[in-house]
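So that we are looking at the same thing, I have put the structure below in structure tokens.
Labels for the chains are A, B, C, D and E, by order of writing; each one numbers its residues from 1.
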């Protein structure tokens, strides 16, 4: 009965949402803010990848909030899961194929991750994407050797400093007479690596933070999994 | 004025650095949070002093409004920023200050709450709102009991549902208008958001952003969370965070949806909230859940207030909100030292006369007994409702009936507290909570002689908050002229929203 | 500083002194003296005679666009006189032995005294209110300070007080809605603006105004469907508190009704509001409510077996007379109603005091556990005798005069059924007060009460004083009628033409000086006849009884007290259905059930379905 | 009117009432005797009874309230007589009026109740509870009558009521204009006398359970005097309200004796009612008749 | 040029995901499924957001590749979605952690059982006697003998 009602409601919801969607100007988006950004991003920010310009420039505050959410999630996770009991049993190491594969992949993944982070203002990609790859790079050995202790303090140091760098960059702008999170150091030449002012620095901090955060999250969850 | 962004940035910075510093200087880590909050408090007070009372718009990152994110600082936003710093400072988890993660979460809550109060961008509001959520998830689960985890999970699922709805709503609004800036949306709203799409967006956003505001029906998490969370976290959530959710709804209503249907929706949900909350509270057998349910009811009354068209409703809602913000946390703090079940409160007044006396005072104000401030807030609501049509009169009857129920169950507690016939229970010693509650009580009492100036000031604030034109002009200072979007290079934005270049396949 | 400022300041000072002087040894006497000073201040203000302008207070507070102000007119003055008088005698009563006794039994005497002072202060503030906002504030203060007084006495009292506060809140909220209505229609909360706006009100608005304010004040008065809280709450209040509350607290509701219905709205617009499909109009509806308030509680009182409950139920019933009188709106009826408020206070307070004096000495007020105390406590008996004659409304006490005016008014008004109802109420009163005095003071003295002594002087003096007032104002009703006439004039009612002895009118006169004098002359002749023959009788023990066919011996005490009116009860007993109790219970159960349903909503194991439903429903609503 | 004549009237009115009351007692006894085929008492028997009772030695036990009860019972009636106008003497009738009279008449009842209550005999208390119940029973129809009269004549002043009736002649008497009320009033007044068939509370036959249980000697004498006054008062009141009062003493005496004698003759035929039957009877017929009469009056 | 049904199809995808996710939240009793359904619904909402900026023949908003500004799609929704996804990740991680702890505390992921256990714990912590439930014996009657198979909290986890 309950399920039937739920399905009926869900069907109704889908139908109504479609009805609403039919009223939307699909394919003719009213690009008000977006249009302005497209036109002026090159001059104002200097990042070839306009999405990056939006993420770090125009909507920098969102991005700050976003990494903070990750941080908060990590802190909350730590609070919820608590410390691992000393001497809790761990899973045994994986087989040699996985171990060797992990060792081979690790430098490659780190490299790719940093590349994607550092070129975020030029090409598709950026701090988040790269950060996730970095996290994967650090998680891979953990899959292969669950017994290896995770360096949580180190991760939190990276987390904290990277986040602080992001904010301090913003604060420097504020203290030098601009607004919070205003890009500094000029725009540079469009399309080159050292362009778009502080954006690459921010993206680096972001990537490191995301990477550390995700790695920490995964490691903690993995810890919790075995600690029964 | 642009330093107001520090109230967001500094708590974040401190939170980020807290684990790092904690490893080096533990003593510093313990006081870092309060220090930062104290600084924010001082900063806001200073800005309050220097400001001329006119609203100011700040372009974050130095980008002009429709492109970048705007912070809108009017008296209301400033007031809430002040309250955020103040309340987090008062409700700082001193007992558990050793745990840097909890301190960090509290700081994050403070920063994001300030952001929520200041933000003038729809998606930015969403981000800060989610940040508040995530920080509160951690904070309410710190007791690490099974019940706390399950309660938090239920909270999280509802909240997640709300997130999805809010995001859908934002997507609808953005599809329709192409902008996220509240001021620009306010300009476009009468043309673009008055139809079903806009209203559907409002419905989704209301349900999404109403989760923290304990809006019916997205409030089913409330009783269990408040029953399992530490008192200070409950106090923060019920007192502060719920009001920020209200603030978001207020901004949406004033700027985007000043239309009958949206108001009716809010009225209906508010009435349902009052009915369900107060009735459930009447049945509740433990104090914390009773307070939680009554909180639902009272927030329902605030939603009802906001649904009254015009500034009278805003004023009433704000007054109710500020009063609740003062009283409810204090009640939660008082309850912290007492045994949970109402029957077990018997004779507590002898062991803790101050706490019992405070409870009576706060309860009286909550019920709305003159000349305590709660009465004036309720009076404003009654006056606002009495001037309206039939649906509002029904709401008036509901609100007043709820007050009767409120008196009945709150004084059932008082009766237990002052029970004389048996040997008295004794409260746990909890000086810190008691002190904070006493402070709230003192503020409440000292507000009595200044009700008149306070009311005038609040009326001014409400008028400013309800001034849609003022908001638009502040953000786009081309006074009174139609907004020029940068995209069109001098082309009016309203026109830009019209026919667009033919798409090329 | 006007006289009113002085009075209010003095009352405030009393409260403050009590707050500060918790440790003072004879605080009760200070309190009594301060009440005495307030009383004196009030009497000095007594220049508020016929036609005098109201005494304003220099205090003005502007808030929320409204100006709050305070003033005293003759009506307020009359009620203030009752209030302060009741406070004075009550505090006198508790100042000596009663208070010591109370403290020894673990009562918090200081709190009781404080509550008294707070009550008096808040009532004065209420009576002084000069606009609807200050009226409401004063009203709430009065309600909550009464709660303080009621809740003092342990668990039963607290339960009764909780019931009270639920009712009182319901009333207050109704009034608040009324304020909203007034503000909406009249645009301001000033008396004058409301009075000016009344002719422009539509009839639903007027109905709303009458019902909301009627409910608000009616709760305090114990008007019929709202009366259930009162008897229990008053009877559980500690002694002097009960006499104070019994004497005056309920009358605040009457005062409010007079103010709003008579002074501001006026009886004419109310009488113009016809109820469709009936012969009644709004005024008659209220009068019938008042009449039912006379009859049902009075006959409920008849069944009580606790003296305090009996008196408290009568308190509700007597309120009906006052309202009935005032609603008549003519000179006689309204004078009767107003005067009854005064008279009632003067005998209800000593009645409670006498009951508490008995309780003080014997430890009980259960009418089945007392008897024969007249030989031990003759002064208390005298007080109660005077009191019940007043309460029953028999000559020569003052209760008769006010009831006579009310009856006269009803006859003039041509209301036979209401008249019969009022008289039936009086008969019920006579029956039940006889039961009260019989079961307490007459009949056989119980073995355990043989050693009982008369109550101490600190208690008997205020009782006797009030009894003297009952007698004197019954003998010379013109004294009170002067004040009543001034009050009538202040609220815009026709003014009663009166003499010192009563009323001179072609419709039927009353001269209490003559009637009372002749009654006492008659008693004198009777006594002369009785004692003239010399005393040719010998005294025997009380229990040396004539036994008829029954077995009555001195060692088995046998007091006829329980089920006193068996014959009558066999007849009207089935009429006691406790319908109102049932109604209240049903309401409570409904709220319980709804509350359980709401709890169930919040206890859903998975609440998302409601969310989904609401979202879908909302979308349907948005699209359509 | 000078003070002297007024004082004389006030003295004379109770005296006359006492004498007439004694005669009425005698008459009732004679009627009862005739119906029961007895001879009946001699002319001065009631006076003898009073003197005898007052002269007897009695046990007195129950304290001053017991005495006061009798004093109040007699004194109340004495006062009441001055409120009842008789031919040539108005007393203070104009200062009291109908309602006052009705209430003054309750004072003796209260006095009796107090006196009996104090005697500590439960049987006495039972009698009082019955008496008060009976009072509640007969006074409800009576107040209906009182209202009807007051409404009809527009005043409660007995002298004016009499004047109005006498001005209109016998056709303007209350009984002619308000026959239903007159019937109801007659029943109610009769019941108030505590004679057959409403004598349950007095319970003369089984003296053990009634108000008189502890009464003897001058207590009973007092009650006897009270009874004389009671008969007189009831009949005069009825005459005043419905039979135009007394144009002169002869007519007046005729009327008041008739008012007592006729219903009493009929009443002897009925058996005694129990308390609850009495209540039911009096709340049914007289009230019904009275209300219909009232409706006719107020039409 | 635009197939009439095509936008409909786009939206159907996004809304379909959203509604499937929501139905999953509503219909499942298992906590893990609820969390997955939440992720699904979020994906739907994100898709809806991205669709807001899309237009026919649009290209990625990256400069310096010779594309005209007019053809570029609105960059803002893309940035928003990036943010929304990360937010979703954070919430889900926290949800999983809580689910792990809840499972460890109560040994089940069934929402109904979790709710019952939670309410019992809350009541016990407050000192209220457990409210009557179907599982508890009514009144003071002794519990009827329960077969061993049913006793060990059986049923699905």
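Going forward, a contact is a pair of C-beta atoms (placed from the backbone, for glycine too) under 8 Å apart; a residue touches a chain by one contact, two chains touch by 3 or more.
Here's who's who by UniProt: A = Sodium:proton antiporter; B = NADH-quinone oxidoreductase subunit J; C = NADH dehydrogenase subunit; D = NADH-quinone oxidoreductase subunit H.
Because the structure is a prediction, the values reported are computed rather than measured.
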Message: For chain A and chain B, which third chains touch each of them?
response: C, E
Field: Whole-Å gap separating chain D and chain E, where each centre is the average of the chain's CA atoms
entry: 91
Task: Report the inter-chain centroid distance for chain B and chain C in whole angstrom, where each centroid is the mean of the CA atoms.
output: 46
- line: Rounded to the nearest Å, the gap separating the Cα centres of chain A and chain D is 106
Task: Would you mind pulling out the distance in Å between where the CA atoms of chain C average out and where those of chain E do?
output: 62
Residues of chain C whose C-beta touches two or more other chains: 604, 608-609, 612, 615, 619, 623
- request: Can you tell me which residues of chain D touch two or more of the remaining chains?
  value: none
Message: Residues of chain B that contact two or more other chains, please.
response: 123, 127, 130, 134, 137-138, 141, 144, 149, 152, 154, 157, 161, 168, 172, 175, 178, 180, 196, 200, 503
Message: Can you work out from the touch definition every pair of chains that touches here?
response: A-B, A-C, A-E, B-C, B-E, C-D, C-E
- request: Going by the contact rule at the top, pick out the chain E residues touching chain B in the complex.
  value: 1-2, 18, 21-22, 25, 31, 34-35, 38, 41-42, 44-46, 48-49, 51-53, 55-57, 70-71, 74, 76-77, 80, 83-84, 87-88, 90-91, 94-95, 98-99, 101-102, 105-106, 114-115, 117-119, 121-123, 125-128
Query: Where on chain E does chain A make contact in their complex?
result: 2, 7-8, 10-12, 15-16, 18-19, 22-23, 26-27, 51-56, 60-64, 69, 72, 74-80, 82-83, 86-87, 89-91, 93-94, 96-98, 100-101, 104
Field: Complex contacts: residues of chain B adjacent to chain A
entry: 2-3, 5-6, 8-9, 12-13, 15-20, 23, 58-64, 66-69, 99, 101-102, 104-105, 108, 111-112, 115, 119, 123-124, 127-128, 130-131, 134-135, 137-138, 141-142, 144, 149, 152, 168, 172, 175-181, 184, 195-197, 200, 485-489, 493, 496-497, 500, 503
Message: Quick check on the complex: what are the chain C residues that touch chain B?
response: 61-64, 106, 136-137, 140-141, 144, 151, 154-155, 158-159, 161-162, 165-166, 169-170, 173-174, 176-177, 179-181, 183-184, 591-592, 594-599, 601-602, 604, 607-608, 610-611, 614-615, 618-619, 621-623
- prompt: Within the complex, which stretch of chain B touches chain E?
  reply: 123, 127, 130, 133-134, 137-138, 141, 144-147, 149-154, 156-157, 159-161, 163-164, 167-168, 170-172, 174-175, 178, 180, 224, 227-228, 285-289, 339-341, 343-344, 501, 503-505
